[in-house]
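Listed after this line are the structures, all set down as structure tokens.
Common to both upcoming complexes is subunit A, partnered first by subunit B, then by subunit C.
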Partner chain A sequence: MGASPPPRHEASRVRRLLGAAAFPALFTGLVLGMAELPEFGDPASPASTHVSPRFIEDAAAETGAANMVTAVLADYRGYDTLGETAVIFAAGLGCLVILAAAGGRPNLPAAGMSHPFGSVILDAATRILVPVVLLFAVYVLIHGHISPGGGFQGGVLFGSGLIMMRLVWGPAHEGGAHHPDVPVFGPSLRSSLMLACAGILGYAGIGLAAMAFGGEFLNYGTLPLGSDPAHVRELATLGIEAAVFLTVAGTVGVLFDTISIGMRENGVPIGSGRGPRE
Partner chain B sequence: MAEGHLISIGLLAAMVVTAACALAVKDLLTAAALFGAFSFLTATWFALLGAVDVAFTEACVGGALTTILFVSTAFRTGRSFD
Partner chain C sequence: MVAATLTEGIAVLLLAAGLFFILAAVIGILRLPDFFTRLHAMGKCDTAGLSLSLLGLALLAGDPAVTVKLLLVLVLVAVANPTATHALARAASRAGVKVWRPGEPAEPAGER
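Moving on, here comes the complex of A and B:
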């Protein structure tokens, strides 16, 4: 019983004391540092005097996008958005690996409610709402460079529309078994995954195409889409938004399918309000 | 400006209350609905600040999508949290 290994609880106590001392120090440092930052919304801050005016004055002429948010997201900082899209894709993959592949059957067709919870009112409302939601999603995508919106919001809306149909009418592969007259459609889990892959590959592909035509990665000016540089950038931005749309809509489908497939495999009638622990 | 501040404070206070309620309730379905309400309050606040794109995203993702996923998961795990 030498003194070589210090007793465990003593080491953890030292660590805890260190942590207890470090936290207030770090907190104070951060708060003091914050005082040096410009006021929130200060028009004289460097971001407001140099960066913002540059984009406000030149974005529309350079990129053909009246909505500056889209111009910045899809064009000036396209590399950032590529990373974000990849993160969303990776989240869908992670969900798939953990939830669906754990059951050993990742190739199941599109999932949905095993029992409908639709009533007459819900059914009628869904019939009217779903086409509008899907159409609005495409509108949001196409109008992203003029009005608020873009590929991300459009993709989520489109995915939500598909999920809504499945929630009320049941799985797509049963052809809407609960309502045989209603044409339920939607991608299977496999197709959702392929859509998401196509989206992220398309995004990177547009970037690489710009390189192939002698430009930089994701700097669309060199693409042979016309003579007006702003118009070329506008078209390339639309392509990027469409790629984001595919990735997000596909990932939304993957997320919902993996969760509901797990429910079907566990024999839980979805929508019945009964979990296994009840 | 003062009115904007008042609405901001009201929205933020409602967000704190909603978040606390979502953590406190035992029923997971209620918690999911409260999270949805939280997202819509956040989206409203973003819109008030002039960040319409962010508000749109928050309403789509937070208000609709994650609520659906939370509800699906709540049905999967059993509804009450103890």
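Moving on, here comes the complex of A and C:
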């Protein structure tokens, strides 16, 4: 890239000096703080003597989730998981802002590879595999109560199904104008972003709904979903997992599309069949 | 009893055949001269070796649920593995990866 770096002015120099001073201070503080932590896996640590036995003994009866990891992740520590989901969402947004805005294009452009891969074998295999992958993603989401899985894993699987379609079939276009040979499947970049937004809003919405019915934020017990409290928590946990699923799947779509747009605009001939020949 | 032994015998034969093909794939990756020939060895022998091994394991798995899962994995491997090999070869060919001809020195594995 031939663009010269923007001129540095005093404010940014002061800011960099402040950053350089803050980093060692923060680093030292964190290292000193870590020295106070109990040994990893120490059986006498509070986590092993108080928290773990409680989860192991009560999780299934209290939350209705046979998979204890899901019970902890989406119920007991739902606030943590909301933060994690927000971090994933922020990563997608950051990628979008940096890569799509760097091209100087205010509108979200048609995303995907610049050209379909154009192979009958790949096309046929993708037609068989993509529905299976997407269905399996939903299975992993719903089965997360019982077996390893849940919203994060299911969402990534769903996103990989979307990426497979993009890689083989090329771009998804906004509106009607598209190449006649390209089947348009999968959400556009805009729709992926909507999915991710819907997921994170849905997660926070479930937490706020619990507040509206007289409980604490993300304490699902008060939601009017039935009389059995464990069943109510189970349903709410499934809602949380579905929200995480939407966020992760949407963010994977946003990441792939913004990166492929960035590569196309920088002239990387990915999938275009115009690679260098020796 | 005889039936169980027969099933086990067939399973062991299938596993042995699967391991043979996987060994052939490994030798092919190490010994063949360029990307395309190595891919050829890997794609074919990996698919055959994995399929045979999975068949043998499916025979040995007592639980029908496990058997069905193994057979589903088998179908996935049978579709995905050759397709991925094809995609790699096509991408390499389009990107102009050099094709080895008899008489030329071989490219060592892991370099390009």
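As a convention for this text, the second predicted complex is superposed on the first by the 201 of 278 C-alpha atoms of A that agree within 3 Å, B and C clash if a C-alpha of one lies under 4 Å from a C-alpha of the other, contacts with A are read in each partner's own complex, and residues count from 1 in each chain.
Definition applied: a residue touches a chain if its C-beta (ideal position, glycine included) is under 8 Å from a C-beta of that chain, and two chains touch if they have at least 3 such contacts.
Predicted, not measured: the structure shown is a model, and the values here were computed from it.
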Which partner, subunit B or subunit C, touches more subunit A residues:
B
Touch test for A:119: subunit B only (first), subunit C only (second), both, or neither?
second
Identify the partner contact of A:69: answer first if only subunit B is touched, second if only subunit C is, both if each is, neither if none is.
first
Could you look at A:160 and tell me whether it touches subunit B, subunit C, both or neither (first, second, both, neither)?
first
Check whether A:129 is in contact with subunit B, with subunit C, with both or with neither, and answer first, second, both or neither.
second
Check: subunit A residues flagged as touching subunit B and also subunit C 273, 275-278
Okay, in this complex, where on subunit A does subunit B touch?
67, 69-70, 148-150, 152-153, 156-157, 159-160, 163, 167, 252, 255-256, 259-260, 262-263, 266, 268, 270-273, 275-278
Which of the residues in subunit C come into contact with subunit A in the complex?
76, 79-80, 83, 86-87, 90, 94-96, 98
Touching subunit A in the complex, subunit B uses residues 29, 52-53, 55-57, 60-61, 64-65, 68-69, 72-80
Interface residues, subunit A side, partner subunit C - complex:
117, 119, 121-122, 125, 128-129, 132, 273, 275-278
